[in-house]
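By letter and in written order, the chains are A, B, C and D; residue numbering begins at 1 in each of them.
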Amino acid sequence: MTALLDVQAVRKVFGGLVAVNDVTFSVPEKAIVSVIGPNGAGKTTFFNMITGIYKPTAGTISFDGRNMIGLRPDEVVTNGIARTFQNIRLFGAMTTLENVLVGRHTQSKTQFFDALLHTARYKSDERAGLLRAKELLEFVGLLDKRDELAANLPYGEQRRLEIARALATNPKLILLDEPTAGMNPQETEETKHLIRRLRDDTGITVVLIEHDMRVVMTISDTVTVLDYGTKIAEGLPFDVRNNPQVIEAYLGRGAAAGEFGKNAAAPSSTGDAV
Amino acid sequence: MKKQFVGLAVLAALAVGADAQNKGTIKIVSQTPLSGGQSKLGTAIKNGVELAVQDFGQLVKSYGFNLVYEPYDDQANKDTGVANANRLINDNDVLAVVGHLNSGVAIPSSEVYAKVNLTMVSPANTNPLVTDRKSTGAVTNRVCGRDDVQGPAGADFVITTLKAKKLYVINDKTAYGEGLAQAFSARAKALGANIVVDTGIEAGERDFNTILNRAAVDKPDVVYYAGIYDQAGPLLKQMRAKGITAPFVSGDGIDSSELQALGGSDNMKNVYFTTTSGPISSLPSAKRFAERYKAKFGMDPEGYSAYGYDAAKVVLTAIAAATKDAKGMKPTRAAVAKAVRNVKFAGITGAVAFNSRGDLPVAKYFIVQAQPEYADNKVFKAVSVAAPTPELK
Amino acid sequence: MTPELFFGLLPITIVDGISLGLVYAVIALGYTMVYGVLEFINFAHSEIFMVGGVLGVELLIWLQKVTAIKDAGEKVIGYSIHPLGALIIALIFAAAGAGALAVAVERVAYRPLRLRGAPKLVPLISAIGMSLFLIDATRFIESLFGQFNRPFPEFSAQPFFSVPVPFLNVSVPIKDFVVLAVVLLMLGGLIYLINYTRTGRAIRAVAQDQSTSALMGIDVSRIITLVFLIGGALGGVAGVLYALKYGNVNPYIGFIPGLKSFTAAVLGGIGSIPGAMLGGVLLGLIETFAGTYLDPLTGGVIDASYKDIVAFGVLILILIFKPAGLLGKAVSEKV
Amino acid sequence: MSALQDKRSDSSGFVVIYALVSSIVAAIAIGINLGPLRFIPLDGIIPDILKTLIFLAFVSSLLLANSLKTSARAKMIVFLFVLVVAIPVIGVSNTQYLDILVNICIYSALALGLNVVVGFAGLLDLGYAAFFAVGAYLWAIFGSQQANNFTGGGFPLNGNFMFLMIPIAVVVAASFGALLGLPVLKVKGDYLAIITLGLGEVIRVLANNLNRPINITNGSQGVRIAPGSAPLEGFLEWLSGLTGIELFKLELLMYYVVVLLVVGLAVILTTRLDNSKIGRAWVAIREDEIAAQAMGVPLVRTKLIAFATGASFAGAMGVLYAAKFSFVSPESFNFQASISILAMVVLGGLGSIQGVIVGAAIVIILNQMVLTAFSNFLADLRRGGLPLPSQFEPAQYQQLIYGIILIVMMIVRPKGLIPAKRNAAKLENLERGELAQKVGKQ
């Protein structure tokens, strides 16, 4: 398998703080890769660099053989990378269905004047968009909520809606930032299932940041561990779990030993953001 | 829907109760800014009209009409002025308008009056275009002068009497100020003056340091200001504070007691302005007017109060004349508009009469020298200038 | 333009620019205080400034009347109060009055909206309503007693404020130094209050996060009231300084300085106290320089009326390159 | 909520009857020059304030038809009857009302344009009047002799060119919007507000000063479009001769028809944009810029489209405004003008198409009719003996009352009079169409 996403020695410095320190990371096609690490390890910053929200201080990122450095977030999306956010960022004043339709933005060929004049292109695009949005809502189990305002959905459904919205961009790679945060065990289980289906049914490659080790251990092909911005371990879930450096990273920071592998149900609202 | 039925009931009641002996209502209307920074001048006009209606209302009432005066606020804003105008033309009782203060409002509003031949007598619009338009020629009149007379009159005074060579010309960037400044500059240049600075200041601006600093270095012979007292006062005050003692010359826009209040009584040395309305101190009739005005409104009249009074007198005289022609019936607006042109009397602001386009045929201009007290303002010089009649536009 | 004229005008232009800028700065402080805490442009601040000026001037006129010492012929020969003393009393009075008014405005026009979670633009419109109301209400009250254009009383027997003091080769009236002193005092006091007191810490906390502050036991409503009180008081002080500097007040003076000061606050970085100061002075300088030099440099083709274009042009350029203003912190949004 | 779930009882009958009755009452009460149609001599008998109320009741029939649950046919009947029959009949009799309706239409279209910028895309624009100025000056300059100052001559253009100038103004204003927007749209939130404010002032100051060295705008004197440059002059004269209705009334009626069409077009266009990919991208940006970008929405480009679209509406209305007033001067495009259009948008409901039209109508009716009528009413009462202090001239305090009304309205309806609703029904229609098509294919 060739690497779909290839990150070489990427580095991000904020003021004097090195948030991500020369991390090299590669994701093969159709893999499910987890990025874990204690709070403040630089995981979200890492995502933000891949998606073009931050520009790396140094290093290269290539996706599907194309350079991603210097592209705007929307251009990154066009290349096939979609994401969700740790602190859910839905369009609260729009309906569930419309949120997904926004995700269709790059897929639709409709131009300004098509919308004004209701051209054939507009009509076919809208229809195609609606059908696809319906499919995606069905896929995440939210079709019956399509006319609800996104802001009114319960927490778990909002997370799933974010996934549906990201899928609407028709990505090859999807980055999920703590997709199960704030979910109860049953919702977590459903989401885990959903992530698997993502890969198995649609062939999308998945990279996720996750705190719930039970999720990480059961669905990941490989796991990458960041600590203080540096990659300290990488490998199969089992190996990583028993890596002494990883254990130290978690324990040494005073985190409860039990957290490792426990269901970290509380949403880490002030987690990795820089 | 209840509202309508109630409304209809009220209508019916009103219709029955209408005064049977009355031949109906005649309204005269004023449109001036009654709110906003220029409301002082607008209110002065309104009060003048009110006084005139009190004095000469009988001219119209004697024919058995109910005379009503309605003041409108045009907010010195042409949208409001035009909206009001559209309201007025649909009220058949309105036979004449006294207005406006601002030429920028008067020009578009009078286009509306002209559509129904509703006459407008302006107490204050000196911009030539107010009476120089083909479309409104029949209805626009004014009892004040024109910029193309006032400006040159000022320039003549500045160049020949004050012997000034080096001039600063400042205007307030309104239709009035800039128009006056242009007329002034044109004549001054023709008379060989050197206009070193010809600049505008923004409406509402109070910081004139930039222009005055230069004047302090340049030492112009005269500073000519075309604008309204509310900026002229602070300008004068700041100018004198900078030690610039050059004469300060202006137009009728500063003819107000506020000039002394805002500019400081101590700074009135070497301050002159041109106006067609003589100062109260020099005209006995004006003095009587001022006393009565003060008794009624509790404040001193402004220059524009007298214009408002005379304009209203024109209107009432014209309506009375037109009514007489109509054998005591309510005259048409066109008849009133026509009658205005035949009005002739000695007003507080001087001899009032109209030429074929509604201007004073010969305007008597006073060069007034300001004094520490507004009421003491003195006539420095008087000139009579025939109104020019440039081609209609 | 001759070099003599160019250099002759330079010192006075700098002095006038700074002096104008200082007035902008005090008004800008009021905008910035409220914005820093509520992220809301208090559009009625220009009218609070105006009311402050009117209150101060009215008090001074009254003081001038009651403290006049007359000789046998009823001629005023002096005053039993020093003009500076009278000014200080007027400043305090105007600050108190304008502060109270700002609190009242907040109660009536903003708080109900905030409590009901109205969209951000809505208080902007009620602020505009408030402005219209305050202007006409002031005019109405003033015209009950006479004129609404009120000159700043000179205490003319001792025209203290206009006494010129030689400075930088030019003579600067004392009032400009008074303005400078008051402004520096205000700024220093404000920086001390915000950074070194318990109340200041509470204000900063509320600015950061209202709900967390409430959880930490801070009475958020009280702090917001306090912020409006301080902002309003600053506006009141600015109003009196403006009257001192330009010689008169009326109900319509608020608009232009308000607009300019708001611009100054943004230029410096809205929400930042030193930024408001810097922005004010900078804007004052830009305007004064443009007003002075545009006309002679272009031979009158571009005259002083273009100075606002220069001021806004500079603002736009600065914001394009420093999108949060000169001293504003670029708030990188949490992603 | 979709239309299907609307549980309110059907009010079609009520609305139609209301519209008919209120039209007839209005025609009798305020159509004072109806000639043979005049039933009773009401001249000067109905107090102004009552006429105003009757007019309000009449105009609100449109609002009722649009907001109550009614059948499509009832809506159509009311709209056609009121807009095409009643208003022209009443308006020709009493041009004040027609004039106000024309102004409402002009400002509605402006508010619709600003709504795209502020309501949809969430970009606070405090200098919107600048684009209005661009359109107005475009026609004022080329529709008068003003253009001869800097061209070879040959102006004014014939009045009929106004219709051509509207699309030109759309393009010019939109390009202006794009040009000005390009550098500034990276700036966010309130900083954008102050930049747009600055740009607005720059345009106004330019208009006020570009009378030298070359006289382009005639400065503060303003540009007057000489009569005779009105569009369709010949046709209207012929019509006037035919019907005996004065020319100026027909002219006003012509403007009514044109602005009504433009507003109708503006409503259709903004509705279409709102329910398209572009509109969704705007709302997405308004709600969360970062998320929108992460969904592939290019920020600057999308904002630029909003800015240019809003500007183009203002450009078009500027031309009509200039033509209707036949006089254009810089103070009409100051900061207060921008703010009052913004007030219409916020008052009506940000992002709500119906709302901003209602907002525009309320602001115009209040300022140009109700407040004046009210102050005349008070003055009448005083003449009748009501003790009002002599300093209190009611006409002087209209703005004070307007201020209070603005505050109260915002407190009572903080989301606007008719808050925006994301319209799901439209999507469902398409969906149904799609399903039908799909079924048809199978």
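Simple rule for what comes next: a residue touches a chain if its C-beta (ideal position, glycine included) is under 8 Å from a C-beta of that chain, and two chains touch if they have at least 3 such contacts.
None of these values were measured; they are calculated from a predicted model.
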item: Chain hops separating chain B from chain A, counting only touching neighbours; value: 2
item: Chain with minimal offset from the mean of all protein Cα atoms; value: D
item: Farthest chain (mean CA position) relative to chain B; value: A
item: Rounded Å distance, chain C centre to chain D centre (Cα mean); value: 36
item: Chain B and chain D, separation of their C-alpha mean positions in angstrom; value: 33
item: Centre-to-centre distance between chain D and chain A (centres being mean Cα positions), rounded to whole Å; value: 45
item: Where chain C touches two or more other chains at once, by residue number; value: 136, 139, 303, 305, 308, 335
item: Junction residues of chain D, two or more chains touched; value: 205, 208-209, 290, 396-397, 399
item: Contacts with two or more other chains, residues of chain B listed in rising order; value: 35-36, 39, 173, 200, 202
item: Complex interface listing, chain D residues touching chain C; value: 118, 124, 183-184, 186-188, 190-191, 193-195, 197-199, 201-202, 205-206, 208-209, 212-213, 290, 335, 339, 342-343, 346-347, 350, 389, 391-392, 396-397, 399-400, 402-407, 410-411, 414-416
item: Residue numbers on chain D that touch chain A, as the complex places them; value: 1-2, 269, 272-273, 276-281, 283-284, 286-288, 290-299, 305, 420, 422, 424, 427, 430-431, 433-434, 437
item: Complex contacts: residues of chain B adjacent to chain C; value: 35-37, 39-40, 173, 197-202, 204-207, 209-211, 213-214, 216-218, 230, 233-234, 237-238, 241, 258, 261-262, 264, 266, 299
item: Sites on chain D touched by chain B in the complex; value: 18, 21-22, 25, 29, 32, 40-47, 50, 53-54, 57, 94-96, 99-100, 103, 205, 208-209, 211, 219-222, 224, 226-227, 246, 248, 325-327, 329, 331-332, 367-369, 372, 375-376, 379, 383, 390, 393, 395-399
item: Residue ranges of chain C in contact with chain B within the complex; value: 5, 8-9, 12-13, 16, 20, 136, 139, 146-149, 151, 154, 156, 162, 173, 246-248, 250, 252-253, 255-256, 287-288, 290-292, 295-296, 300, 303-305, 307-308
